[in-house]
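Take a look at these structures.
Note that chain A is present in both complexes that follow, paired respectively with chain B and with chain C.
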Partner chain A sequence: MKKVTYFPGCSAHGTSEEFDQTVKMVMKTLDVEMEEIPDWNCCGATSAHTMNESLAYALPLRNLVLAEKLSNDTMTIPCASCYQRLKVTKVHMDENPELAKKINTAVVGEGEYQGKVAVKSMLQYCYEDVGLEAIKAKVTNPISGMKLACYYGCLLTRPKAITQFDSPEYPMSMDNIIEALGAKATPFDFKTECCGASFSISDTEVVLQLSGKILEMAKESGAHGIVVACPLCQSNLDMRQPDIEKKFKVKYDLPVFYLTQLMALAFGFPKEKMMFAKHIVPVDGALAHIGEVIEEPKKPAKAKKAVQAESEVE
Partner chain B sequence: MARVGVFVCFCGANIADFVDVPTVVEEAKKIREVKFAIDYKYMCSDPGQQMIRDAIVQHRLTSIVVAACSPRMHEKTFRKALSDAGMNPYLLEVANIREHSSWVHQKDKKAATDKAGDLVRMAVAKSIANEQLHEISVPVTKRALVIGGGIAGIQAALDIADARIPVTLVERSPSIGGRMAQLDETFPTLDCSQCILTPKMVDVASHPYIELIPYSEVIELDGFVGNYKAKIRKKASYVNFKSCTGCGACWQKCPVKVPNEYNMGIDKRKAIYTPFPQAVPNKPVIDAEHCTYLLKGKCGICAKVCEKGSIDYTMQDEIIEREIGAVVVATGYGMWDAKPYEEYGVGRYKDIINSLEFERMVSSNGPTGGVPMRPSDGKIPKTVVFIKCVGSRDKAKGIEFCSKICCMYTAKHAILLHHKVHDSRAYIFYMDIRAAGKGYEEFVNRAQVETGAVYLRGRVSKIYQKGDKLMVRGEDAQIGQEVEVEADLVVLATAVIPDKGNPALARLLGISYDKYGYLSEAHPKLRPVETAKAGIFLAGCTQAPKDIPETVAQASACAAKVCGLFAGDTMKKDPMVSTVSREFCSGCQNCVKVCPYQAIVTEDIPLGHGSKEMRTVAKINEGVCQGCGSCVAICRSMAINLAGFTDPQIINEIVAI
Partner chain C sequence: MITLSYQGKNTFLEAVNKKSGADVLECYQCGKCVSTCPVSNFMDFPPREIMQMIKLGLKEETQMANSMWFCLTCSACSGRCPREIDIPAVMEAVRHIAIEENYHSDNKQVKNIRKFHEIFLDMIKRYGRNYELRMMAEFNIRTRNLFKDMHLAPKALLKGKIPLGVKSMKSAKAIRKMYEMADKLEKQNK
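And now, the complex of A and B:
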């Protein structure tokens, strides 16, 4: 039995409750005990770091200090924004203990920061600490037949110097997990493009443009649905999808799953527990593909090569 | 009793503005051994030198101190003045009161003057212990070794050989020609690369003073300038070049297909092959890594079809030794692997190629017959995006430097594309257009005006596939907007990197290389052809990225250097070298380890007079020694003495202040 510290973040208790619930189900199945940080606070995203550097460090730092009071050596965070704020703070504080001390004594006041807890996103924890083999071993109801585009968004693997995880431009960790569950990950070039993030509220048009492009490319890749590991990605791609379809006069019909929802499904949990009712785009169409046999495209006829072509060479 | 003359220079205002020169002269006169001291506006001028010559005779001086600029500037000048007056030139000491005092203490004239006085006192004290030294003569082996048979090596070899100096040209691959043989047309005149190169290749093969050893590598270099010994490993070709007529029956029948290096892997060659039709020598070799017979003992088709019986599977590598006097290194360049550009999908998309691959495609003897084709489906591309500075000028992902040639060859590629596919259009993403060179700017203009190539100033941020097109998204910084180009083919001008073997070769030759693997020149401005090791010279891209005209110029410069070195039967060398006092040497060999020039070896000598027991002592080769003094500093027994910087000289200097 592994133990890990859990930082749910605010969205897990609101808009992405289904993420939180399925993370708990999945971790239990994977024999990981999650210990929530008592009295955790807001990570500061996205307002704090655009306004006040000290505040941007102080908020996550308090969570880091509280996490050190638990006995676990790793903390995992489902929300990509929370993960980013805590990881940035950890990296910068580890590099600059003087600053850590200053902010800690001036603002936080929960004890000394030692930098002993590793900060990992839920995706990273599943991929590195649990491992593909362990995940595969728990699959009872493979979701084979589904073709899925894995969307990582901007924060899970970037910037590389901070996250130290997977490729910043073309990551594959989520794709590998999805394939371990039996599904097929489609080649998807927009897996780290910007979805528009919190412009969803202040300038929705931006999100319609950017997320629209992501949906278009996901559809083009042949996917039945999109997989994410970030509440904001999910809400932009899912909640804004009807607006996008209306604006660009297209029909995508691409449900946006949390990675853990699909893991829970594959681990044999009943569909009702996934809270799919909270999704805007219905998931049934995509889930109906489970069990289908995916035909591998035939190898294209050997490309004509080195033909002494009808050239215009002088 | 020593009689020292001190000559203090004003250097116009350079010294006199910040150092009170007459005071320095007065201070010098106070030293007991100084019999004559004077100042002058420009000591290096003819009248200044005449003052020195006259004083030597008049005042019967035994050593001379010139307080002026750095000895790097005029030590030679003043030494010559001493010789002209009949004095041993090494009785000169230079006190550097310009770089070491007036230039660096411009705000405090008093302190600068005091320091100048100290420097003069030290030089005087040192000069008293100076000894008469004599230039060393080293015999010279008049044969040059050229490593690398690209255009740099070819040009250097031909120029040296034309001066009737024998040259051994070693080339790693089966044919000379190098990168230039892969090029289609050359900027800025668009003359055919092969047409101007192959005559030179043939000249190399037929030149009476050139010994061409293809398919071989230098594996050892011993000795010192004028007297090197090189070991060359000639790889087994499994073909008897003497009887082979180059008819081609063997490679037509060979069943093994291997990616063709000459065509950048776009098509295949056979396991027995000549790299390209114009190869010199035009004889095939068997690639032992891929030949079925050599790997498994089966096949043997080439031997069956060879009418001359030239195939010999039992052939072994051969070691050739040559005595040589100088080395020209010309190992050329490679293309940087753009894998780190993940956002471009390098490695995922077949229709992203590098410039050298494009060059092969548009080459009339290339794998596609001179027409560019998409590697994915063989279609002729209509819209081609060229991206410059991929890896170059990119600290984060690639290399910091500018690869220098990409701006020009990309302009050339735009023109060639237009020539080969008339209804095509080139889009070129660039950071800056660096077209400094004769006819270069005009050439870029030609690409823009004649072919309608669209130059977009900005970086590409992403390439993704949509249908069978590659979508290239970048910035057009001049209109401040994002642009997206629907491309059939993307060509990356990846950074020019030195040959992968450079670090190993540099260690083997005892020369240095930079953090990228480029071999280092002795001085970036004034000695761009020499290395820090005497007698080893650099030509072409092995030193830094450069285009063909520059490469040829540097190669010819190397040849001039080699010819200069070989001008006499012996070479003159500064006598500032180390010697070992055997009686004090404990044989610890620390000096051997610290010597950066591998000038120190060991020898065994009898323990005592007439003794049969031996002990090991250090031995310094004065031909190799550069007088750096590292061995002197490391020697615990104080057994090593550096002429011109002996212990008494240094101690005198220290005592003087």
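And now, the complex of A and C:
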């Protein structure tokens, strides 16, 4: 039994409750015990680092200090934005102890930061600490037949110096997990494009354009749905999808799943537990593909023969 | 490899470099950042031009542009920059200077973006955590656009996508204290 510290983030109690719930189900199945940071606070998100640098470090630092009071060496975070803020803070504080000391004065009464807990996104933890084989071993109801575009967004793998995980241009970790569940990951060029993030509220037009391109490319890849591991990506691609369809006069019908919803489904949890009712774009059409046989495009047989013939000559 | 830069004492460049930890003079104007940036078409000046403006010491023009307010910090540009310049950090430095030195653009989008961030930080100061529904409502009230996104409300609320309340934290007081201390630290940084 592994143990890990858990930082749910604000949206886990709000727009992404289904992410939080399914992370808990999946981790339990994978024999990981999660210990939530007691009385954690908001990471400050985009707004803090936009407006006030000291606050942008202090808010995550309090959570890092609280995490050190628990006995686990790693913490995992489902929200990509929270993950980014905590990891940036950790990397900068570890590099610059003088800065850490200064920022620590704003974290009143919680003690000194020591830098002893590793910070990993939920995706990274599943991929590196649990591993593909362990995930595969728990699959009882493979979701074969589904074609899915894995969308990572900007914050799970970038900037490389901060995340130190997967590729910033064409990551494959989520694709590999999806394939371990039996589904097919489609070749998708917009994996790490930005969805427009918090502009959803402050300047919606930006999100309609940016998320619109992501939906367009996902559809073009032949996917039945999109897989994400970030609450803001999910709400932009899902909740804004009807507006995007209206604006550009198109029809996508692409449900946007959290990675852990699909993992839980493949692990045999009943559909009712995934809170699919919260989704704006209905998921049933995509889920109906489970069990279908995907026909692979035929590889040119000639080329193979030619190679064989060559080796025979040798 | 260098491009044209201001030959006298460029205090703006120095301030941006110091704040960002980057060296804007490294930029050789290839424009890869512009083609990579997902929001460059929303900007008065795309990242490449902002870099050149900083080199030339064009402080007023840079500070009054909307560019740094549209930057999403998605780091796509810096990942592809052949000079490995941390462009989002440069944008952030320009933004922080604009806040410290009270540059206020009349651009409505910039005003809305700033207002959004202020409201978000108010929520955290009050509850320690984000209260999504209240944040959206306050944004509509304070930008005088009451009906923004109202067409989403019935579905989003009925389906429970956006909950009505917030589970605030116990140590909300500690967060208010943190805000005070952070403001003090910011003043020292100036």
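As a convention for this text, the second predicted complex is superposed on the first by the 295 of 314 C-alpha atoms of A that agree within 3 Å, B and C clash if a C-alpha of one lies under 4 Å from a C-alpha of the other, contacts with A are read in each partner's own complex, and residues count from 1 in each chain.
Throughout what follows, a contact is a pair of C-beta atoms (placed from the backbone, for glycine too) under 8 Å apart; a residue touches a chain by one contact, two chains touch by 3 or more.
In this text, all values refer to a predicted model and were calculated from it rather than measured experimentally.
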With the two complexes superposed on chain A, say which partner A:Pro168 touches: chain B (first), chain C (second), both, or neither.
-> both
Determine, for the superposed model, which of the two partners chain B and chain C contacts more residues of chain A.
-> C
Please indicate which partner A:Thr105 is in contact with in the superposed arrangement: first for chain B, second for chain C, both, or neither.
-> second
Does chain B (first) or chain C (second) touch A:Trp40, or do both, or does neither?
-> second
Is A:Met217 contacted by the first partner chain B, the second partner chain C, both or neither?
-> first
Figure out whether A:Leu132 sits in contact with chain B (first) or chain C (second), or with both, or with neither.
-> neither
Given the touch rule stated above, what does A:Ala48 touch, chain B (first), chain C (second), both, or neither?
-> second
For A:Leu70, is the partner it touches chain B (first), chain C (second), both, or none of the two (neither)?
-> neither
Please indicate which partner A:Asp189 is in contact with in the superposed arrangement: first for chain B, second for chain C, both, or neither.
-> first
Where on chain A do the contacts with chain B and the contacts with chain C coincide?
-> 168-169, 193
In their shared complex, chain C is touched by residues of chain A numbered 10-11, 13-15, 17, 39-42, 44-55, 58-59, 62, 102-103, 105-110, 154-155, 158-160, 168-169, 192-194, 196-199, 201-204, 206, 210, 235, 239, 243, 277-280
In the complex, the residues of chain B that touch chain A are 266-267, 342-343, 345, 348, 364, 367-371, 373, 375-378, 380, 419-420, 422, 462, 464-466
List of chain A residues in touch with chain B within their complex | 167-170, 187, 189-190, 193, 217, 220, 300, 303-309, 311-313
Touching chain A in the complex, chain C uses residues 38-39, 42, 70, 72-76, 78-79, 86, 92, 95-96, 99, 109, 112-113, 115-118, 120-121, 124, 128-130, 132, 135-136, 139, 148-149, 152, 155-156, 159-163, 166-167, 169-171, 174-175, 177-179, 181-183, 185-186, 189
